[in-house]
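In what follows, subunit A forms one complex with subunit B and a second complex with subunit C.
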Partner chain A sequence: MNRTIVRLTARGMLGGRRVWLLAALALLLVGIAVLARVLVPVSDADAAALLQGVSFATFLPLFGLIVGTGAIAPEIDDGSIVHLLSKPVSRHTIVQSKLAVAVGATVVFAVLPTMLAAVVLGAGPSTVLAFGAGALAAGAVYSVAFLLLSILTRHAVIIGLLYALMWESLVGSFVPGARNLSVQQWALSVTGSIAPPGLVTANVALGLACALIVGVLVAATWYAGSRLRVLTLAAEE
Partner chain B sequence: MTQPEASPAGVIHNIGYRAYDGERLPRRGVALALYSHTLRGVFGLGRAARSKVVPFGMVAVMLVPAIVLSVVSVVMAGQGMIAEPVLPYTRYAMVTQAAVAIFVAVAAPQAVSLDLRFHTLPLYLSRPLERVDYVRAKLAALATAVFLLLAAPLLVMYLGALAAGFDAGTQTVELLQALAGAVLFAAVLSGIGLVIASLTARRGFGVAAIMTVLALSYAVVTSMQALVGFEAGDMTTAGWIGLFSPMTLVDGVQVWAFGVETSSPAGPPEGVAGAAFPVVTLGVVALTYLALSARYRKVRL
Partner chain C sequence: MATLRLDACSRWFGNVVAVNDVTMTIGPGITGLLGPNGAGKSTLIHLLAGFLPPSTGTVTLDEAPIWKNPEVYRALGIVPEREATYDHLTGRQLTVASAELHRLPDPGAAARRALAAVEMTDAQDRKVGEYSKGMKQRIKMASALVHDPAVLLLDEPFNGMDPRQRLHLIQLLRAMGDEGRTVLFSSHILEEVEQLAHQIEVVVAGRYAASGDYREIRRLMTDRPHQYTIVSSDNRALASALVADGSTAGVSLDGDVLRVQAAEFLRFAALLPRVARDAGVRLLQVTPADESLESVFSYLVEN
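And now, the complex of A and B:
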């Protein structure tokens, strides 16, 4: 970790009006929960379904996409990454520092709002904790995966979108085997293990999910660092 | 000795290029050229092969279910099991809404963000083109692209329905209804997409922002509709929630105007109250046009 890189990345990602846009997204999530609570009596099952449908299926992938690519893609895009790469700092350190900012932003603007939404919806402490843990797992994996993707290709946002919205929802609903490769299902498995039984159903066993989450986190962080060592700044298409 | 007057006045060094003395196209011609250039660019025509992957990938994603449905229609009608298509035409856009949203999210920044990033606007505006022409050409091009994306699978399904021997009159009416819906989808989605894309010069941010708005609003609205409509049994309130996402909004117009089946958990209120859906839809289209005009009136060149 390098504090200067953390500071500069945080400024690039959260500086100016961007922090307000991210805060507005977080507020939207909590606002939905408040609205649902006001409009109808919400049972625990309803709360879980709403959090799964909005937060896990849509909000977390999109948020991970924004912060994961936002941590490094703009610098690669406009070429200013060379100033960073020319400093005597390990490329792995650069990746870890940027990742720390992305995960930190995810915790503040996605994980905590998800937990807050669960509290607003009247869920019990174990359910709140379960959704917090699941959201943290999903947010961290999405961040690192999309950070790696933006080092690998300039079309990281588009490929990430195709994965998050086509693979996880469409392919997953037709091809059951695809669910094993769905970050959302891994996170749901973590949530389901903490939440009261029967509230959340996951298609992946807990052991496999945990192994995949940790494995992807470690492997993708390492691979992102080693890809950054051999980064070539391609010309505009 | 040659006379200095023989060479044109004001020329420092004449290297012999011929001036263009043909007809110069008026403002309209420039706008038309910009329109066709944008429309081609959205589909990646005239660009590198990898720029064609996503647009044509989405076209394929849109077409494959339509082809499958057509085959199903023909086979099942041959066995006398059905007398109308399995999926109504008007529901097709909603069923494939993820692909439509991705197409818009990729196409809108391609249409406007690159002009901002590479400062090509001064070059356009140094021609007879006015700023409103730029906005209109870009809007029209993107709307045309989205309409083509939506209309192609409908036509495939229509041909399949005719081949299956369904009642041609009914099928034609239903197709025209769905095409009218497709026009609204195209106008609303391209307007929203372009407004967001015109705020950033970075394509990646534009794609992510448009996708966030379209996908998140859809997820929020359908989840809330399911909760309010099915769990609490308040279908009227659930119907009104449909106003807050572009896809369910236009779907509501189709349901209200043509009396077709809704694709979201709850349809719009019936009767006069449901007229809010077309009114809001037209309002959104007008508002995005005004917002884009305002955006380009003050754009920094």
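And now, the complex of A and C:
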């Protein structure tokens, strides 16, 4: 990790309009919870279903996409990444620093709002903690996956959106085996292990889910660094 | 002493060969990389900057490979052609960030020195996005100079500069060359290169075409067969008078105009008015037929 890169990335990612978009999404998430609480009586099971459907299935992939690509894609697009690449800094350090900012932003704008939404919905402390832990796991995996995707291709946002919409929502619900490879299911497995028994069910066992989460985090971070090492900047000719 | 070296280096993109078997050694002092647009200058600079791997061959700085070796940037400063920088930072913040990334002991002082060297001290607290093109160029210079590199690479540094900024950059680069640094800059304008560089490397269509000091390059470019179309009061009389002299390689009458192939530029330039006067012929129009830079370059390639 490099403090200067963290600072530059945070300013680039949160300095412009993106921060308002993230804040608006976070507010929307909490707002939905407030509305649900005000309008209808919410049971623990309802609260869990709502958080699962809104936060885990929709907001977290979207947040991961915004912060994961936002941490590096604009710089690769406009060529300003040259400023970092022309310095004697390990490419792995660059990736780790940018990932730290992306995960930090996910915590502030997605994990904490998810926990806040759980509190608003009247969930008990263990449920709040459970959804916080699950959201953190999912947010981190999405961040690193989309950061890696931004280094691999200039079409990271499109591919990321397709993944979030198609894979996580559609394929996962129709093809049972695909759930093993669904970040959402891994996160739910973590949540289910902390929440009161029976509240949240996941299709992936906790041990496998944890192994997959940690494995993807480590492998994708390392691979992103090695791909950044060989990132070529096209000459303008 | 820092020496950049390309050894039998080629780079292609798909079917397009951008750099074709170039071997080049660039030592201390100022070297100009000259060539028409699309000649592969930017690709060469990218190769030397470590932003692109060669398809074949090697690119080294003092024997150390440049590709996949971030440590070379301790000795390398790069001023890219693209304008994109961190627009939301001020000039000073950008320069300090560069100094920090180089892990300099006192980033603030190094940034102050670099900003003063490019005369950006007064504008250092404005955002980079608000700078003019020339100022952006200078802030990129400050950022590239902050660690006092032995080698400086500049891609088309004079593009978009006004004459005053151009003069200032020339002075700055001269000073760096005099200090024994290796400075390489690319340009497609001969006058620009000749004004500044003690050594010129010419590339055309991805291939090494010529090298030497500006006198040699100037001579190569001017002492070559020139084509002229001439309109005079008596083309036929002028033709016969010109053929008699050795500096004329060929003459043809083509309707109302006379086409002359001159073997030696300088001698022919002196000869033509003299011959015309002696023959009592009035010259109405003398037009060099192939004075475009492209044709000059392609002549160099053919030889």
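Keep this in mind: the second predicted complex is superposed on the first by the 231 of 237 C-alpha atoms of A that agree within 3 Å, B and C clash if a C-alpha of one lies under 4 Å from a C-alpha of the other, contacts with A are read in each partner's own complex, and residues count from 1 in each chain.
The rule we apply is simple: contacts are C-beta pairs under 8 Å (C-beta built on N, C-alpha and C of every residue); 3 or more make two chains touch, one makes a residue touch a chain.
Not measured: the values here are computed from a predicted model.
When the two complexes are overlaid on their common chain A, residue A:157 makes contact with subunit B while staying clear of subunit C. Looking at the shared chain after the overlay, A:36 reaches subunit B, while subunit C stays out of its contact range. Of the two partner chains, neither subunit B nor subunit C is touched by A:44.
Legend: residue contacts after superposition of the two complexes on their common chain; A:82 is shown touching subunit C, with no touch to subunit B. Shared-chain residue A:54: touches subunit B; no touch with subunit C. Residue contacts after overlaying the shared chain place A:165 against subunit B, while subunit C stays out of touching range.
The interface of subunit A with subunit B overlaps its interface with subunit C at residues 237. For subunit A in complex with subunit B, the touching residues are 25, 28, 32, 35-36, 39-43, 46, 49-50, 53-54, 57-59, 62, 65-66, 69-70, 73-74, 77, 155-158, 161-162, 165-166, 169-170, 237.
Contact residues on subunit C toward subunit A in their complex (touch as defined above): 13, 18, 37-38, 40-43, 45-46, 49-53, 68, 70-74, 76-78, 80-82, 84-86, 88-89, 94, 97-98, 100-103, 143-144.
The touching residues of subunit B, when paired with subunit A in their complex, are 47-48, 50-51, 54, 61, 98-99, 101-102, 105-106, 202-205, 207-208, 211-212, 215-216, 218-220, 222-224, 226-228, 231-232, 234, 237.
Of all residues in subunit A, only 2-5, 7-8, 11-12, 15-16, 78-80, 82-91, 229-230, 232-237 touch subunit C in the complex they form.
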